[in-house]
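Below is one structure. I have some questions about it.
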Amino acid sequence: MFSMDLLLGAVVLGVLLGCFYAAVSVGLSVSFGLLDVPHVAHPAFLVLASYGVYQLNESYDIDPLLAGLAITPLFFVFGLLAYRVYYETFERRGSDAAVRGIAFFFGIAFIIEVLIILQFGVDQRSVSATYIGKSWRFGEFRIPIRQLVAFAVALALTVLLAVYLSKTFMGRAIRAVAQDEEALRLMGANPVRIKQFAFGIATAVLGIAGALLIIVAPVEPTLDRAYIGRTFCVVVMAGLGSISGTLIAAIILGVAESIVLTLFGASWAPAISFAMLLGVLAVRPQGLLGR
Amino acid sequence: MNKRSHSIAFWAAVAVFLVAVLSMTQIVRNEYPFFAGYVILQFIALAVAWSILGGYAGYVNFGTNAFFGVGVYTAVALFKATGAPLVVQIAAAAVVGMTLGFGVGLLTLRMRGIFFSIATIALAIIIETFVMNWRFVGGAAGIQIQRPPVMAPFDSYVKMLFFVQAVLVVIAIAIARYVQNSRIGRGLQALRDDELAAECTGVPTLKLKLIACMISGALISAAGAPAAMYLQYADPSSAFNLSYSVSALAMALIGGTAHWIGPVLGAILLGSTQQLLAVTISSEVNVLVLGIMLVLFVVGAPKGIIGLLRPRYRLRAGGKQ
Amino acid sequence: MNTAAADAPLLQVGTLTRTFGGFTALDNISVDIRKGERFGLIGPNGSGKTTLINCISGALKPQVGSVVFCGEDITQLPPHLRARRGIARSFQIPRPFRSMTVLENLMVGLDFAAAGPAAAEEEIAMSILTRMGLASKAGAASDTLSQVELRKMELARAMAVRPKLLISDEAMAGLSSSEVDEVLDLLISLGEEDITIIMIEHIMQAVMRFSERVMCLDAGKIIALGAPGEVMANKRVQEAYLGT
Amino acid sequence: MALSLAIEALDAGYGAVKALRGVTLHVEAGETVALLGTNGNGKSTLMKCVMGLVRPDRGRLALSIDGVAHDLTKLSPEAIVDLGVALVPEGRRLFPKLTVTENLMLGAFRKMARNAIQQNLALVFDTFPVLKERRSQLAGTMSGGQQQMLAIARALMSSPRLLLIDEPSVGLSPLLVSQTIAKIGELKQRVGLTVLMAEQNFNQAIRIADRGYIIVHGEIAVAAQSVDELKANDIVKRLYLGGVA
Amino acid sequence: QQPPIKIGMSMPQTGGLAGGGKASLLGIEIWRDDVNAKGGLLGRKVELVVYDDKSSASETPAIYAKLVDVDKVDLLFAPYATVPTAPIMPFVKQRGLLLMGNFSFQVNSKVGHDMWFNNAPWGPADSWAASFLDLAQKAGGKNMALLTADQEFAQNLALTARDVAKKRNIPIVFDQVYPPNTVEFSSIIRALKAAKPDIVYVASYPPDSAGILRAVNEIGIGDSVKIFGGGMVGLQFAAVMSNLGSLLNGVVNYNTWLPEKSMYFDGTKEFFDKYTKRAVEAKVDPLGYYLAPFGYAMGQMIEAAVGATKSLDQKGIAKYLRENEHKTIVGSIAFSADGERKETATLQAQFRGVKDKDIEQFRSSGRQVILFPDKLKTGELISPFEAARNLGLVAFPAQGQGGT
């Protein structure tokens, strides 16, 4: 059933899918990759954002992307709060923060799941927008517009974040903070505030990522569990904290998944993409662009 | 107390525990305690097994569900193919779990910290995918299993499973205790702090990690094996449920990883709360309570329950009692 | 033991080369170290001293060359097996086992590398600490030590391996000269117990007093090797290193 | 410009450990003051107190700049850095996974320093040419001595007015020790730095020091008004000038 | 006052099956309230004892042991769906207990418990595929593409579909199994399209069903396709339906109850009046066609059996259930020996004239035209699929509120 045409299509769709994966993972690349916070509740916040977008779309008919943008400030604040609690309870006491943090964030994730269920019920939800359900044609070939939207937004998001982190003082401080807090303090920066701010950004980004999530597919309250593996894999495969690596890793996964889905047995897709992750780690334990 | 009298006390306690369990199966008629008790014992075994690698060596295994599922499906496959008895299923699961642990170790233990954790998540998904495509054990559709008749002195299969799981718990604890008190424990602790320095001080880090990984894997798979007979049904999404990973980790942390008793206490607390919530609150709110408990315990008891009980207990794997 | 074996060098480093990316940190280094010798290793910062002992202790693998210890080629051995064969080192930037007390740090080496009865371990560890002047800190958590105390503990932990060859990487950095003297006395007394010692140090007086032979590296190459006086008088050493 | 640091009756420590007891010392504008003392005597603790990283139990820490007094015990480390105080910490404390340049750029984090980046960069590259060569190497893979240079350079990037240096010569080759000490002396002239320097290498330290203190067991044992007075001191003789040194 | 009659069950209230579970439970609760309003069973009030099984198989054994041994309930209902039900089948068989099944699929085929009765309309295992392929062949379909979720229920459907196709000599030109949590179906649909099938049989699970339909709409499926659908779980839920809106048009999919004229029996309308009111408050599926009336029917059957045997003797009740036909709000139900329906009553219906974003439209008849079974039929298949999709609202004006 192989044909050049199919392969090409699979690659194109895979790149688009990969960009979507990048968008939902890039916040984690900051919070986990750079700040060392074992944020297993990242996907829970992501799904929460999707529900926020759903609510705005449902009751005020706001475009999902705009809705995503509109809730970013709120998520920024969530991020500040979440980090504050994490800091006060773990980092400040300094004991085994990483491992205990995992349990902590699992707890947070469960709480978010239940709050969503209590508020929205367990049924799956989705949004409507003009670009959902339509596609662009190139002859026989068609590309779903919602995927193009996800692609463009994801690309913009990662590029912006990458530039911010490498070119600004704040960005550099964010990249330094987990390596040596006291040293950063000696540079005249307050590491706690920097981390908090960075965590805020990482969470704010989820507003937009959440919009993409619900644009691409419907959401349900426990969807976050399916994304824990995926997002962490992207971030780790990328090399911790590397934003451009995140994009690359996500695209590789997306393309691999898409090719397997199109040309081989779809049921093997997860095995293949996660085996790729293991392969990458076996060869480059620090990830693709890790330092 | 010196080491020897400690040992005597420990084995005496074990004997008392097993005798109590056995007599309970003979005296108590109501089966529910055995159903619920089995689940709690299973979690104790998982948490103790997890902490051998996750607590002592600091390698946080997210793939408890992979080992658990492998245990379940080893039992299923063996039972379906040969009708092997329960003990053989468990032994086989332990061997397969150990082999898997060895493989995982070779493949991933050169990865540091969180890379290892992520690799274990990946592994769980890969193995689950394999099982889903393995028609002999039912694939994704799952498989129903007919239990063989129960053996004397038990009058019900679940009581027997309860006793068997209690034995597994004892084995897990005995091994964890041995590891903790032997030089393996100190070696694991050293490599947890600094692998290169440990190597240069003579600690065979890779070997110790492999050993820890194999022991932990074997115990988790063994604890999972009876689940096939307990449920009389197996399907990949239940057998490889992420909640096994979360629970094992959370229970060990809530109890404290500095001493083998920590995971035991954590599992008893969290496991029985879960059982209790399932039959009392019994709605989404039980997940909420679980979440809040997790948060409160890791926040309020940074050194785990053992840290609360013995305030001066140092947060330290393999620390002497 | 025949005389040939007794005279054979304890450690033979042969044509060792190690590069990082395009950068050559060690360039074709060959040197023999005799049993019981006190060997000083000097050289400008970044000349490859630490890299060399990383290759000897097994923390790094060289691209080219071999390391032979007690007549056995150990180039491919992992560090812990080298430690068991009797090679111990301290780290230039201390790497304590942070969750352990000072005493427990030493116990690791005694447990895993040193041969001997397990029962006496604690006494041995205490005696090493006493010699290092760290006895009062035996029960202290290692992450409360000051930099210098950490350096001392590095050395003590290496001694706990009960090595044939002890490599000290700038263990005296930051010590006052009277403290340098103390540590030096200690190292020299170890030498008298037939332990071979390689010492990396930038404190010239210490190097002079300690070493029977000195080797100076520059940019990954040996620029001088010989008696301390000779090496110090070497023009290239003076230009590249001493600045006199 | 006038700047001075005055420390009075300072007590500080870590829980039960009392690292400093009743320490009184002062540093005037343009001076280079050496802080001597064997290990564990509290030199680093003193510097951390000045930076606000360790809070003193009691005593006074006052920095006066152009006649305005600042109570350092009340200020956060960030605020103290903003006043123009920089510390080269012991153990270097670089950001190991950032490149040399990125480490230097972080040195210029404080607002005041951002305008002077090019100028400061030129200065440190001129002072430590090897840093220019290794601009894009990760700091963590540099040799011990190279890291020490980077640590000093990074502190200079913040255009400090008061520079605290904790044992700058540790791990440097003899050539570099004298070069580094000379550079510090030179920088002091060039940018009008005031320097408080903890240093074990007595002979090098006194090349640039104007005067010095000796701390013993957390207390100021000697406050010498000049280098000669230091040299003549008994403790100094015993600790630094006797034996091999 | 006599003690109440306790009916025990677990129900998925969290996890993947919670959506269905909660609707089903509401149906059962409405029955409880109705029967209690009438004075209860045997003059005793009916009380439900319900625990959450988290949609997981591993929770149910302990729960049912508690229900039986501690709570000492008088009767057992099964949880919604196959996975949580499977582990309790051997238990009830061993204890000789009656179990009223709730929409599980073929859980009794291996266990062979003679006191098991499933409320679902599935009937014989292969009828599902058979009815869909009947329609397909009538429309001229000659070959088939099969797209199934790698999940317990969908795989069971696929198994029978392959069997039936083989018997009828329908070649399978595309047979793919996609993994759970697949995000994007564009790639799969492109591959499917490339195989140029006439019949597309999809056995998908709720989150994916929407993704598949979207991808079909965006990528296109080709003019060759005569009929599309069959076993898509999820298209029965109000939230999914209202979101997909016009994308549903043309799809032929299985269902259990629909607001078509032929589907109203004694009490059906009254039931939905109550359900509609209570669903809002309970935050469950506002339509509730799929599961809720069958939960109610399960109660009705128990009510009839207990009433007829005048006892709670489980053997007697089972005997009565097996030997009689039962009038319920979902029609009359008769069981075969394995406890499944004698005849399938699983509907195959085609979506037509569906607009976007409107839940209410589904309350009127004509939105889902029943094509099978014959005695409930309310229209004919429109084929090919592309043609059916493109027929707009004009051709099929809503036919007003249905109901008898």
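Going by the order they are written in, the chains are A, B, C, D and E; count residues from 1 in each one.
As a convention for this text, a contact is a pair of C-beta atoms (placed from the backbone, for glycine too) under 8 Å apart; a residue touches a chain by one contact, two chains touch by 3 or more.
Worth saying up front: this structure is predicted, and the values here are computed from it rather than measured.
Between subunit C and subunit E, the least number of touch steps comes to 2.
Relative to the whole-protein C-alpha centroid, the nearest chain centroid is that of A. For the pairs A-E and C-D, the larger set of C-beta contacts lies at A-E.
Ranked by separation of Cα centres from subunit A, the top chain is C. Separating the centre of subunit C from that of subunit D, both taken as means of CA atoms, is a distance of 30 Å.
Here the CA centre of subunit A is 31 Å from the CA centre of subunit B. The geometric centre of subunit B is 53 Å away from that of subunit D, both derived from CA atoms. For the pair subunit B and subunit C, the distance between C-alpha centroids works out to 43 Å. Counting partner chains per residue, subunit A shows two or more touched chains at residues 114, 117, 122, 265, 267, 270. The residues of subunit B that reach two or more other chains are 129, 132-133, 284, 287, 315, listed in rising order.
Chain pairs that touch one another, listed by label: A-B, A-D, A-E, B-C, B-E, C-D.
Partner subunit E is touched in their complex by these residues of subunit A: 1, 3, 5-6, 9-10, 13-14, 17, 20, 114, 117, 120-128, 132-135, 142-147, 216-218, 220, 222-223, 226, 257-259, 261-263, 265-267, 269-270.
The touching residues of subunit C, counted against subunit D in their complex, run 20, 42-47, 50, 92-93, 144, 146-149, 170, 173-181, 184, 202, 204-206, 208-209, 240-244. Residues 32, 38, 85, 89-90, 93, 95-96, 98-104, 106-111, 113-115, 117-118, 122, 225, 228-229, 232-233, 236, 240, 265, 267-268, 270-271, 274-275, 277-278, 281-282, 285, 287 of subunit A touch subunit B in their complex. Partner subunit A is touched in their complex by these residues of subunit B: 54, 58, 60, 107-108, 110-115, 118-119, 121-123, 125-126, 128-130, 132-133, 242, 246, 249-250, 253-254, 284-285, 287-288, 290-295, 297-299, 302-303, 315.
The touching residues of subunit C, when paired with subunit B in their complex, are 57-59, 78-81, 83-84, 88-89, 91, 95-100, 104, 107-109, 111-114, 141, 157-158, 160-161.
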